[in-house]
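Report on the following structure.
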Amino acid sequence: MRSRSFETLVAAGLVLIFTTAVLLLTGAPPLEAFSLLVRGSFGSVSKLARVLTVWVPLTLCACGLIYTFRIGLWNIGVEGQVILGAVGTTWALRAGAGHLPPGVLLALAMATGVLLGAGWSLAAGVLRTRGGVNEIFAGLGLNFVAQGVVLWLIFGPWKRPGVASMSGTVPFPPELWLPNFSWGRLSPVALGCAVGALVLTAWLLGRTRVGLFLRAVGGNPRAAHLLGLPPERYLLLAMVMAGGMAGLAGGIQVTAVYHRLIPAISSNYGYLALLVTMLAGFRLGPVAPIALFFAGLNVGSVQLPMALQLDSSLSGVIQGASVLAVLLAHGWGVHRARRQA
Amino acid sequence: MHIVLDDIHKRYGRVHANRGVSLEVRAGTIHGVLGENGAGKSTLMRILAGYTRPTSGRILLDGDEVRWRTPAEAVARGVGMLYQDPMDFLAMTALENYALGRPWVPARELRRDLEARAAELGFAVHPEMPLERLTVGERQQLELLRLLSLGVGVLILDEPTTGISGVQREILFAALRRLAEQGRSVLLVSHKLEDVEALCDEVTVLRQGAVAGRAERPFRTRELLEMMFGQPPAVPRRVAGAPGEPVLVFRDAWATGGRAGLRGCSTTIREGEVVGLAGVEGAGQNAFLRLAAGLNRPYRGGVEVCGAPAEGYRRLRQRGVAFLPSGRLEEGLVAGLSVLDHFALGRTRIPFLAPWRGAAERAEGAIRRYRIRGEPGTPVEALSGGNQQRVLLALLPERPRLLLLESPTRGLDLESAHWVWEQLLAHKARGTTIVFSSPELDEILMVAERVLVFHDGALVADVKAAETSVAELGSAIAGKTPPAPARTPSPEAVVEAP
Amino acid sequence: MNEFSLVLLAASVVATAAPILLASLGETLTERAGLINLSLDGTILLAAMAAFAVAHDTGSVGLGFAAAAAVGGAVAALVGFAGVILGVSQVAVGFVLTLMCRDLAYFLGNPYSRIQGPQVPPLPVPGLAELPVLGPLLFRHNAVVYLSLLLVPALWWVLYRTKWGLEVRAVGEHPEAAYARGIAPRQVQMVCAVVGGALVGLAGAAYSLALKPGWGRPQGAEGIGWIALALVIFGGWHPVKVALGAVLFALLQVAGIPLQEAFPSVPAQVFQVAPFPLMIFTLLFMGLSQRESVERWAEGRPWAKRLVGAFRGAAPRALGRPMKGG
């Protein structure tokens, strides 16, 4: 255990040195940039609400990815699954507005998002199990397709009256918005969804046979088959769980955050969640705090272009560097242990 | 070349694989290194070949101490090894394999050189053939030729007779005798007494990483067995019983899989029979077993198990068909999961919640009954090969109707193998039918009542074990003069073996 | 369409194919040695940014290309170090680097966004450029295009006709066996990673200094790295087949331009995603053609057998698996 925390310390040091170097390379003052990141994310209650708003989809996607990683799948398609969830929710809201009571409609719309996200994920899963297409390429291709679908919808069938634009579809009326807390722009329903996903995943993987089966199929599909498990069914189950949670995240982006469909509705949260899960060592425990850290970086970096004329992608650099540093530090530790054996 | 290994130690973490092994091989002799699995033979040989570095100890070649940093250095000084897991390149041609690891020579010249050397030793080579289309024996011959062409004076062969036919074994042994006559030293590593007795001038027996004894020709079998095991293991007793109803019926079944697939196989196996499948690796035995288990479908003909078509492995499993794959960590067990996890998985019906309680009891019971050296929480990859095999056997259902076993004792020492058979034959006493493949003819003749011999995908012989011999089976395996298929009396077996 | 414009169209296919060729052939070399460098998409962007920035600041296009190759080689060296030496999952490291290099490119490239910079000058081959048809098709391009075209036979020759190429393939098949024959597998893998990565870097420079000159967010090369990775599978890890795939892909890209003009109301981004379903379909076709049932179906049909055989290509056996022991 001591070596693990030592590795973390080394990794954190590496990230700090690397980020400082990158900032110095662009001639930016590192200290000021770092303090801006902290102040911009955890500096006030309203900023914290914004951080939690980012934390919700990140946590949802990362929870879903735990299932797919457990069975040994790289579900890179999670980004597209978020997008399809948003599309599904938007479609249901558009179709049902005025016909159903808002509460019922919102619930149905979120469910549609979950279904569409799961379906998009299932497509990648079936391509893998039946078509022999590696899930990385299938998922990635479907991400781009999903992006194309959103753009086509926004500029085509769902365009604003008059002129279509990158600002998205017409906003929904406020009764179709998920309500916020009184103290900040954060939806309690969204927060509840993320916490619920954490609890559900912990229970399913820790207390029921699902977790064991996923590990068995992921560890050795042929042996699992010979032991009497249907590997294909569990592969698809993992994909559906991941896609459903990502779809829910997409639905929340529509109903709680943007109140409409915009081209960048997924905000790269799917890819970012992959990094969260990797940094968590593919375990559920650390997902929530790491997602909070990443969400803080994302929100904090929004101010960089205004204050320091820096690109906001600095957050992505820090996030990527963190995962890379942990991978390298851990790999180095294992390597040294192997050498000494 | 004269070789001395002096007080070799090798530690892997807490495992002490070699504990002060000393060994001397005179030039021009064939020296056997005998021992059960896990006795430290392979580790010792890898040290001599430069693949592994010893923790301590000295290697002397003709009196000079040598220290290898890589296997290539050892080859340069004349020490070459044929590894147990073939160290060759399946996707490449024989000639490319021959060319790798030597200074550049034009392809045409190299080819001529290869063919000349092969002719000298009576080997057959196919320079342009990709290795994946050659037999294990042919690959071994090629590797031997390659080492000889590099001028090695010391040849180490690690379990060279596993997976090759009897004919290829004879060719190999003849070649090794000639090489020894030419003054080369040969080290033959084996867990098989008959290999050592047939070929070696001298033998060193290893047990638990240390030298248990030495002997010179003529060998006394009992003495060698005692050195290997302490005391010779008991041979499992055959259980008598008359065959009953047909359990497994093949009707002109054709299938892919293995090297040759299965071509037009027809036979009937009855309740309570113990049937051994013989043949060189991939000649059809495993294709046969996998068809019977429902893991593969025939593309022509049919297979019936207990009167219904053999379709769907999971459905057959529920009908009491159990299949044991030969690759333990490849197909049998899930690395990363514990023994307990496997018992939780192995149950056909696991409750949605808390699968652990019943499994824990079963796992502990199995560990006691099967004498598995490990805890319920031990990850299976941390167990030794023999203990992994015991876990797999413990995972078999309680009362199977049909047991299909792929090389059930592969890689086990004699004592464990006999123990395994005792357990399996206990099933037969309860009416279970057992069909198994094995590369060892002795094993087949020891436990089987009936032997099916495969050659190149076809069933070429069907004989009673009591009425045949190793020699007769050996020639059938090699595809020579197949004895007339002596069918077991079966009124409704309408189709005959081609 | 007359003959002249058809030749021009073909010539623009050749030009469009250049960076894709560089990237996919570079990755082919890396994967032949058993190492997967999944970071291509980010590497191309970072290299494109570095190439443009260096060329802009120094005024030298050559230095820009050198910088791109160095960046590509460095990223690949990191993947190699983590995957080959430390034994970390190559997919994990490659994927993180994909995202991080992209963000790093956007961050560091911010000051160079949307400004004018140098470009690779055209370099007609004296004499050959005047040939009818072949001249405009092949010999009126810039140096990068010539390099990409020469790379195809060069890589084939290295892999299949030299001792080193034999060793590279051996390492990708079975590193332990290669070690037993005196080859240093980890060293070979590192060299292949760096050389392959440098070629990927050149692909980035080919975008920012030639095909889509300049830098911005987005640059326009986004997604190409993934296409290149898919092309390696499509080509069955064989340089000539990979190259054919790259040219085919470029052809579709060029053919998409008139299509886009025909539907002006559809946003350009929709057309930009068109390659990706195509990628899925080709991989699906590859996957299905490897199936046993398809093989047996093709058995009696010579044309089908030839088609399936043409797409046959097994991955190097040790792809993605670091060497054990030694």
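Every chain is named by a letter (A, B and C) in the order it is written, and numbering of its residues begins at 1.
Please note the rule applied: a residue touches a chain if its C-beta (ideal position, glycine included) is under 8 Å from a C-beta of that chain, and two chains touch if they have at least 3 such contacts.
Quantities reported herein were computed from a predicted structural model and do not represent experimental measurements.
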>> Per the definition of touch at the top, where is the C-beta contact count highest among chain pairs?
In response: A-C
> If every chain is reduced to the average of its C-alpha atoms, which one ends up farthest from chain B?
Replying inline: A
> Which chain, with its centre taken as the mean C-alpha position, is closest to the global C-alpha centre?
Replying inline: C
>> Please tell me the distance, in whole Å, between the geometric centres of chain A and chain C computed from their C-alpha atoms.
In response: 29
> Using mean CA coordinates as chain centres, what's the chain A-chain B distance in Å?
Replying inline: 49
> From the C-alpha centre of chain B to that of chain C, how far is it in Å?
Replying inline: 44
>> If I count partner chains per residue in chain C, which residues reach a count of at least 2?
In response: none
> In the complex formed with chain B, which residues of chain C make contact?
Replying inline: 163, 166-167, 169-170, 173-174, 176-183, 292, 296, 314, 316-317, 325-326
>> Looking at the complex, which residues from chain A come into contact with chain B?
In response: 207-209, 212-213, 215-216, 219-220, 222-230, 341
>> For the complex, give me every residue of chain B touching chain A.
In response: 12-13, 313-314, 317, 323, 325, 329-337, 341-342, 344-346, 348, 350-355, 395
> In their complex, what parts of chain C are in touch with chain A?
Replying inline: 38, 82, 85-89, 91-93, 95-97, 99-104, 106-111, 217, 223, 226, 229-230, 233, 265-267, 269-270, 272-277, 279-280, 283-284, 286-288, 290-291
> Across the complex, what residues on chain A touch chain C?
Replying inline: 22, 25-26, 74, 76, 127, 131-134, 136-138, 140-145, 147-148, 151-152, 155-156, 263, 271, 274-275, 278, 309-311, 313-317, 319-321, 323-324, 327-328, 330-332, 334-335, 338
